[in-house]
Amino acid sequence: MSASAEALVVEDLHKSFGSVEVLKGISLVAREHDVVSILGSSGSGKSTLLRCINLLEIPDAGNVYVHGELIRMTTTSGAARVPEDKRQVERMRSRLAMVFQQFNLWSHMTVLQNVIEAPMHVLKVPRAEAVERAESVLQRVDMYERKDYYPAHLSGGQQQRAAIARALAMEPAMMLFDEPTSALDPELVGEVLKVIRGLAEEGRTMLVVTHEMAFARDVSTKVMFLHEGQVEEDGVPAQVFDEPKSARFRQFLAGTLR
Amino acid sequence: MDVNVILENIPLYIEGMWVTVQLVVLSLILGLALAVPLALVATSRRRFIAFWPRAYIYFFRGTPLLVQMFMIYHGTAQFDWLKDSALWVVFKEAYWCALIAFALNTAAYTGEMLRGAIAQTPFGEVEAARAYGMSRWTRFRRIILPSACRRALPSYGNEVIFMLHGSALAGVITIVDLFGAAKIVNARHFVPFESFMAAGFFYLCLTLLIVWIFRIAETHWHAYMRPREEEGEEKGSFPARSAPAYAAKGL
Amino acid sequence: MLDLHGYLPLILKGTLLTVEVAVLSLLMAILLGLIGAAAKLSGSRGVRLLAQVYTTVIRGVPDLVLMTLIYFGGQILVNDIGDRLGWDYVDVSPFAAGVLTIGFIFGAYLTETFRGGIMAVSRGEIEAGHAYGMTPRQVFFRITMPAMVRHALPGFSNNWLVLAKTTALVSVIGLHDMVYNAGQAGGATRQPFTFYLLVALLFLVLTGVSDIGLRWVERRYSVGVRKA
Amino acid sequence: MTRLIALTLTLVVLGLGSSVASARDWQVIRIGVEGAYPPFSALTADGKLVGFDIDIAHALCAEMGAECTMVQQDWDGMIPALLARKYDAIIASMAITAERKKKVAFTGKYYQVPARFARRKGSGIEISEAGLQGKAVGVQRATTHDNFISGEFGSDVDIKRYASQDEAYLDAAVGRLDLLLADSVAMQEGFLDTDNGKDWEFVGPGYTDVKYYGDGAGIAVSKSNQDLVDRFNKAIEAIRANGTYQKINAKYFDFDVFAG
């Protein structure tokens, strides 16, 4: 692998909810074209990590750099930590496209409207161009035929593919997947994984929180196992899966791969 | 029954109906314009800020429209400073007093409806909007409000019907609306039964027209919530403003 | 704060009348609502149609127009009936007209509330009643009705609050309720705003107290029902 | 449940009030009056009816040897309520007009005064078609004045119709009206002489046009009770002859209201 630029750097991230410390100092580097899989049992903090990266949750401490640019934080008079510049956060978010476990498509819009919405109203892309872009990404995820459907009229797998198209239409620097197949019926998981796999093969930079071990092993360039808010194990998949150093990770693998 | 009296006075009824339609449409437009910011502020997480629109909504929903209208029409005349000010040009006219009362009233009901609908916005959809870098205002304008408006549409239909019914109060303060026209016909010909029956008939027609318009609007706007195969929502009846509870009880 | 020039007793007398009108018309509305709901769920097409016409007309025509119509038309109707039955004369007072109209109007709304409530009672509960050998009458009064009350309560509460406010209209047909008396006092003292504001606050007290009471009732009737 | 139904029925029947009147030998007469038309009829602060109409009604009843009850009724519903038999006669300054005669029977007049316009002092409004153009004129609904202004100036004038004359006075006092049209005596005593009307004055001539104003104020009775009309007519003649009328007249006015 060639040494490419750092797409995302996370330094010593901490986050507590009340008295529960969910993230206890997590660091992470993702280079361009990296596919980082984040594994962990529920409650390990993996989703929180993802949500802290694009500031859906505000980390209590630590830094996030997107393409070398630091997201500046400041402290209010009430001792709460907040982003210094909301615009910077919005700009940064528009470059980190998120795909949610529950799809979170905008239910009052058709698939096409969902896909052109953020490009038009965040990136200010002219409508015609946004539609053109949307149609091409919809074809990419095999949802072009359903572009005029409302989310409620689609299966879970179709909704998630539409949500991926929505993310792609942002032409993001990096994609964040938050357990993208966990809410799907088993028979629908395959069609979504196939799309994500295809994106990985194109060389897109991705951060994927997942339970799909086979996917993590075959597709990732890097695997990270979280336990109780800390990085328990990380490295390239072959090494991590074949010679796990941590006993907990071995346990976890035994449990999930059974 | 003396139908001829009514037929002779059809032009008067039509004029009254036109005033009624004007009052209803104008107050709905004004009320809606006021309801959106009202609902927005009422959903604020800061209690001190949310208190004021909520108090406004509580007052206007908890008191009769008739009393509100009297407060504005008869009540304003109590204040000499108001009568000496430029505003008196507006409050002097019964028409504007009625319009203001109706608009303030419907703003409170519509605001509450929107507030409820906004509070029901699926959290994930708002989060997705944040995750795509939408600013607070863009989120409200593009995601929260359009979605809330669609949810509020059926109750808004009831609100429009209520406003039509409430507008009859204008006839009490010298305005010649549909009800006022009926009063004139009754006064000239002493035919209370016929004159008010005719007015009732015209109101019924207007109500059915509104119901029909909203049914069309709902089929357009609610395509996204309705399963593709039409389910058995109660079609024949239109719920009153008073009872949203049974609107959902179709079985 | 508020100088009422000794008109407070007059207003309170009106308040009492307002409450009387509201309570009596509510009782009438409950009665009509139950009859209407039974009619709407009845097997006979004619009866169902009649109930449908009732609810549609009531919801299509403003309360004020209906009230005026019943105040005048109701008397004529009563006279016609009276003439046929050989009564001398029965007066439809503004009070009676007010109660009848409001009862009649909200009977239509409660018809829908009760109908919805009855339809929301699960088939299974009713079938269980039949399965244990209850007569249809027993099933209706022991199973359906109590279960219906819980489903109908939210709609019922709402209707009551609207009904209480609707009583203000009786002032227009000359009944001396609190709104009418506020007009008198306001005209005499040249402080109409003060008196209408007072009446508005009294209405807020009335609706506020009812709201608290009804919530309490709703909680009691929801015993044994898991909150969604 | 059954108890609830029974209770409701009882209450509704009680609400209807079974004020069944006795047979029509006119020992008992119910009279419809208004109560918002000073000085002819008004309500005192403690709710008592007073005024010229009321005194006349009592005098006529005394003359006929009948027991009278006064039924207060808003003007709008005055004739409909008579037709619906809510009372037997109307003594409420009601002008005897051709339109009303189609529905009810009238006695002869018991008084007659001309109608006049009043304007705000200093407004300079003149009574002519041009002068009234676009002016807000307050009248009581369903009165001869309503018919007169509608018939003579209808399309040019912004007519504001009120349920009672008192309401018109109130709106005039606060400045919502440019002109009032009403019975000149009622307006003098009920408005111009009061605090509310201190900034107002009469303008233009008095109107007695028979086409609109008919033959003075009479007592309206249901057409089926012609015998009651005759009784009232006799009683009017009697109280005019025995001086009772003049006493009541003097109590309210310093001129003869009968002549007009």
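Which chain is which? They are A, B, C and D, in the order written, and residues in each are numbered from 1.
Everything below uses one rule, namely that a residue touches a chain if its C-beta (ideal position, glycine included) is under 8 Å from a C-beta of that chain, and two chains touch if they have at least 3 such contacts.
Everything numeric in this text was worked out from a predicted model, so none of it was measured.
If you compare C-D with B-D, the chain pair joined by more contacting C-beta pairs is C-D. Once CA atoms are averaged chain by chain and compared with the all-protein CA average, the nearest chain turns out to be B.
Computed centre separation for the pair chain A/chain D is 83 angstrom, with centres defined by C-alpha atoms.
Centroids built from CA atoms put chain C at 57 Å from chain A. Centroid to centroid, with C-alpha atoms defining each point, chain B and chain D lie 38 Å apart. In chain D, the residues touching two or more other chains are 77, 80, 83, 170.
Residue positions 74, 77, 172, 192 of chain B are each in touch with at least two other chains. For chain A, no residue reaches two or more other chains under the stated contact definition. Per the contact rule defined earlier, chains pair up in contact as A-B, B-C, B-D, C-D.
Taken together, the chain D residues at the contact with chain B in this complex read 76-77, 79-80, 83, 99-100, 103, 141-142, 146-147, 160-163, 170-171, 174-176. The residues of chain B lying in touch with chain C in their complex are 58-59, 62-68, 70-71, 74-79, 161, 164-169, 171-172, 179, 182, 192-193, 196-197, 199-200, 203-204, 207-208, 236-246, 249, 251. Against chain A, the residues of chain B that register as touching in their complex are 122, 124-125, 127-135, 138, 142-143, 146-147, 150, 223-228.
Listed in rising order, the residues of chain D touching chain C in the complex are 1, 4-5, 7-9, 11-12, 15-23, 43, 45, 72-74, 77, 80-81, 83-86, 166, 170. Contacts from chain C toward chain B in the complex involve residues 52, 55-57, 59-66, 68-69, 72-73, 76, 109, 112-113, 115-117, 119-120, 151-152, 154-155, 158-159, 161-162, 165-169, 171-172, 179, 182-183, 186, 190-194, 196-197, 199-200, 203-204, 207-208.
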